[in-house]
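I've put the structures underneath this note.
Across the two complexes that follow, subunit A remains constant while its partner is subunit B and subsequently subunit C.
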Partner chain A sequence: MALRDVKPTRSELIALKRRIKLSERGYKLLKMKRDGLILEFFKILEQAKDTRDELARKYERAQEMIAIADTVEGAIGVKAAAFSVGDVPQIELKSKNIMGVVVPEIKSSSVRKSPTERGYGLIGTSSVIDEAADAFEDLLESIIHSAEIETTMKRLLDEIESTKRRVNALEFKVIPELTEARDFIKMRLDEMEREELFRLKKIKARTEA
Partner chain B sequence: MSVVIGGPAPYVYVCTRMRVRKSKLLPREEYLRMLNMSLPQITRLIEEMEYKKEIDELASSFDGIDLVEEALSWNLAKEFQAILAITPGILKQFTKSYLRRWDIQNVLTIIRGKKQGMSAGKIKEVVVPAGSLDVLFLDRMIAEESAERSVEMLKNLPLYSVIEREYSAAVESGSFGRLENELYRQFYADLIDEATSGLKGGNQFLKSIQLDIDIRNIKTIFRLRGQAISAEETSDVWIPGASFSVDELKRISQIETIDELVDTLRKKVKSPALVDALEGLREEKPIHEVENSLTRAQLDYMDRLSKRNPFSIYPILVYLEKKKYEVTNLRALARGKQANLPAERIENYLVI
Partner chain C sequence: MMEIAVIGREEFILGFRLAGLQKTYAAETPEKLTEVIGRTLEDPNVGILVLQSTDMEQVPRRLQIALENSVKPTVISIGGETGGLSLRERIKRSVGVDLWK
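Moving on to the complex of A and B:
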């Protein structure tokens, strides 16, 4: 706000004081929100680290089990068993609110299946197919869980970023400018008052002379 | 070339051929040597063996490890067809019936592949024509425009009755697991019927079928251990006709302690090889080790039977099984090396 645009009137001063009060209240609230979000973020970050490690571990296991299945049953046997998969896992997307940030809540179904539900027969296949399917079901569950945690983390980060920008804008731009304008008006009003007093004194002196 | 017709001579001839072929299979020491080789060395060795012809034939369509695997499968299919061609009379009938398990695998692969919208080329890669359905028939099945049309082609085959009964339910549920289990159950029921129909050598055939059924049922019991599955859910995975009835198997599958399980199984099984193998399962082992020791027991016992009955169905069945496991082992070595699995790990999965 350029000072030349400021009207040095009493009503403007009152309005400015109100805005300063509002900005300071907003600043405090946003600062609290930012701190709260950072706390939430660190909690989620711990979970995300654990989930990432778990995901990497499960991915390695799934790769190992599929390599073993390929080894024992051959790519032919594994492909033939893979043709059996008919029931595709389903995910249900809901949302929840963390300090005003909408984050996803993912629920999955039909991921874990028993060997009798997987679509291949037990008589014509061997246990390595079960072990590979188990490992990949584990991995899929981990991916879904990880997707939820990491999206939450990303949304929180975005929100922290924008809250931080608002806090900084209020702290370093809006409030200082408003305070400067208020001081300017105060100074101008004081000056105008002094001018008025001086003028009155001059008039009085001229009248007496 | 002299052709032997009539009398016991053809039986002697084919059983001798089987023994010769069996003696050419890779010995245990060779697998142990291969475990220490690199993948290119193993591939080169396989190329130098009897699989060379198939590798050369398929080299234009496949490469790398896929070429090795396809060549092994094609060699297996050709070998089984060659055995069918030289086997005479009732032995041929038994052998043909025994190889029908490959038809089940191929037919199901085609139906599933078509239902999943896989291309004809992809399905063809997965089919191993080692059964009674030849390559041309399977190719025609694959080329049909829908799975239903492929199923219609099976009308005159023994497996059609089960497919006709179970197919619509399988399509509706999206799972062909029950259909697959039913096909195998029917396959074993048909084998038992054939073996008990009064044909010469039927008793010996029956004995090996029942051993196979027992082994498969015991493998399934161990496979389902620790899974939260009720006895009712497993009703279609058990094969009747050998040492255990379906109800017994359902009950046994719910036994929790390993000692009680082994004791219950031991009471019913007759084959001494199986009894010994079961004794070895008293301590908890990974399921693949259980499966492997049972398979080894089955092969050893069949081998012994084939020596006791040199001119029967046994030499043929032993060779078919041992050849299958040679292919499985070579594939396991190649695939295991490609996946950088340690030699000890690969060895655990070899049937040697």
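Moving on to the complex of A and C:
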């Protein structure tokens, strides 16, 4: 609001005061929300770091296992076994709410399977394939967990950013402008009052003379 | 109910097949990669997309950004450090402090 648009009237002053109060209240609330979100974010961050490390570790192990399986069984053998695995792991996306941010909660089913459920014949394949499958199931679980946490983090980051923007806009733009306008009106009104007083005195002096 | 999709080189996706995933797509060249990723992003049944981080670097920058910001499906890149790096940038931008150490 530019100063020249402000009408120096008493009603405007009252309206401005009300707006300032509202903005300040909103500012306080948003600031609390931002701090809360960041606190929440810290909690998730720790988890995210752990799952990242876990993921890397499990990936390495899985790679190793499949390499061994490849060497022992030959690429064709592993591929044949892989193609006969049925029973697709399903995931279910639910949502939960962290301070107004909707984050996913991922539930998975039938990731882990016993060797008999896997679908390839137990007699035709050696245990290295079982171990490789095991390692990858492990990795998959980790991936699902990590997906949940990383999505949560992304959502939280988005929310933190927009909240921060709003807090800053209120603090550095809206509230200063409103207070400036209020001070301007106050000054103008005082000035008008003094002029009025002076005028009255002048008239009084003239009538007495 | 949703599924997990894996895109990458033959060796990469083979293990995931062994774990029972059906939506595993082989992509050897960057062009193919871009095309398959694009198609998978459209698939409403994919909840999580798993990529290899070396592959992630090969797709066009635009797609990379789309992947990083995508929530549904969530994109997870494994192997290497890049998965953490993009997130690290975002944390720096949003919180103002580099918290990822």
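Just so it is clear, the second predicted complex is superposed on the first by the 209 of 209 C-alpha atoms of A that agree within 3 Å, B and C clash if a C-alpha of one lies under 4 Å from a C-alpha of the other, contacts with A are read in each partner's own complex, and residues count from 1 in each chain.
As a convention for this text, a contact is a pair of C-beta atoms (placed from the backbone, for glycine too) under 8 Å apart; a residue touches a chain by one contact, two chains touch by 3 or more.
The model shown is predicted, which means the values in this text are computed figures rather than measured ones.
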Subunit A as common anchor, with subunit B and subunit C clashing or fitting: fit
Touched partner set for A:I106, first subunit B, second subunit C, both or neither: second
First, second, both or neither for A:Y59, with subunit B first and subunit C second: second
Contacts of A:I185 with subunit B and subunit C, given as first, second, both or neither: neither
First (subunit B), second (subunit C), both or neither touched by A:P89: second
Which superposed partner A:K79 touches (first subunit B, second subunit C, both, neither): both
Subunit A-centred angle between subunit C and subunit B, computed on Cα centres after superposition, in steps of 10 °: 30
First (subunit B), second (subunit C), both or neither touched by A:T71: first
Touched partner set for A:I44, first subunit B, second subunit C, both or neither: neither
Partner chain(s) touched by A:S126 [first = subunit B, second = subunit C, both, neither]: first
Of subunit C and subunit B, partner touching more subunit A residues: C
Which of subunit B and subunit C A:R118 touches, first, second, both or neither: both
After superposition on chain A, the shortest CA separation from subunit B to subunit C (Å): 9
Intersection of subunit A interface sets (partners subunit B, subunit C): 70, 79, 83, 85-87, 118
Contact set on subunit C toward subunit A in their complex: 1-4, 11, 14-22, 47-48, 50, 69, 71-72, 74, 76, 78-79, 83-84, 87, 90-91, 93-95, 99-100
Complex contacts: residues of subunit A adjacent to subunit C: 38, 41-42, 45, 48-49, 52, 55-56, 59, 62-63, 65-66, 70, 78-79, 81-83, 85-93, 104, 106, 110-111, 113, 118, 129, 132-133, 135-137, 139-140, 143-144, 146-148, 150-151, 153-155, 157-158, 160-161, 164
Sites on subunit B touched by subunit A in the complex: 66, 69-70, 72-73, 101, 104-105, 108-109, 112-113, 115-116, 118, 122, 125-126, 128, 173-181, 183-185, 216, 219-220, 223-224, 227-229, 233-234, 237, 239, 287-288, 291, 328, 331-332, 335-336, 339, 341, 345-346, 349
Subunit A residues within the subunit B interface of the complex: 64, 67-68, 70-72, 74-76, 79-80, 83-87, 114-124, 126-128, 130-131
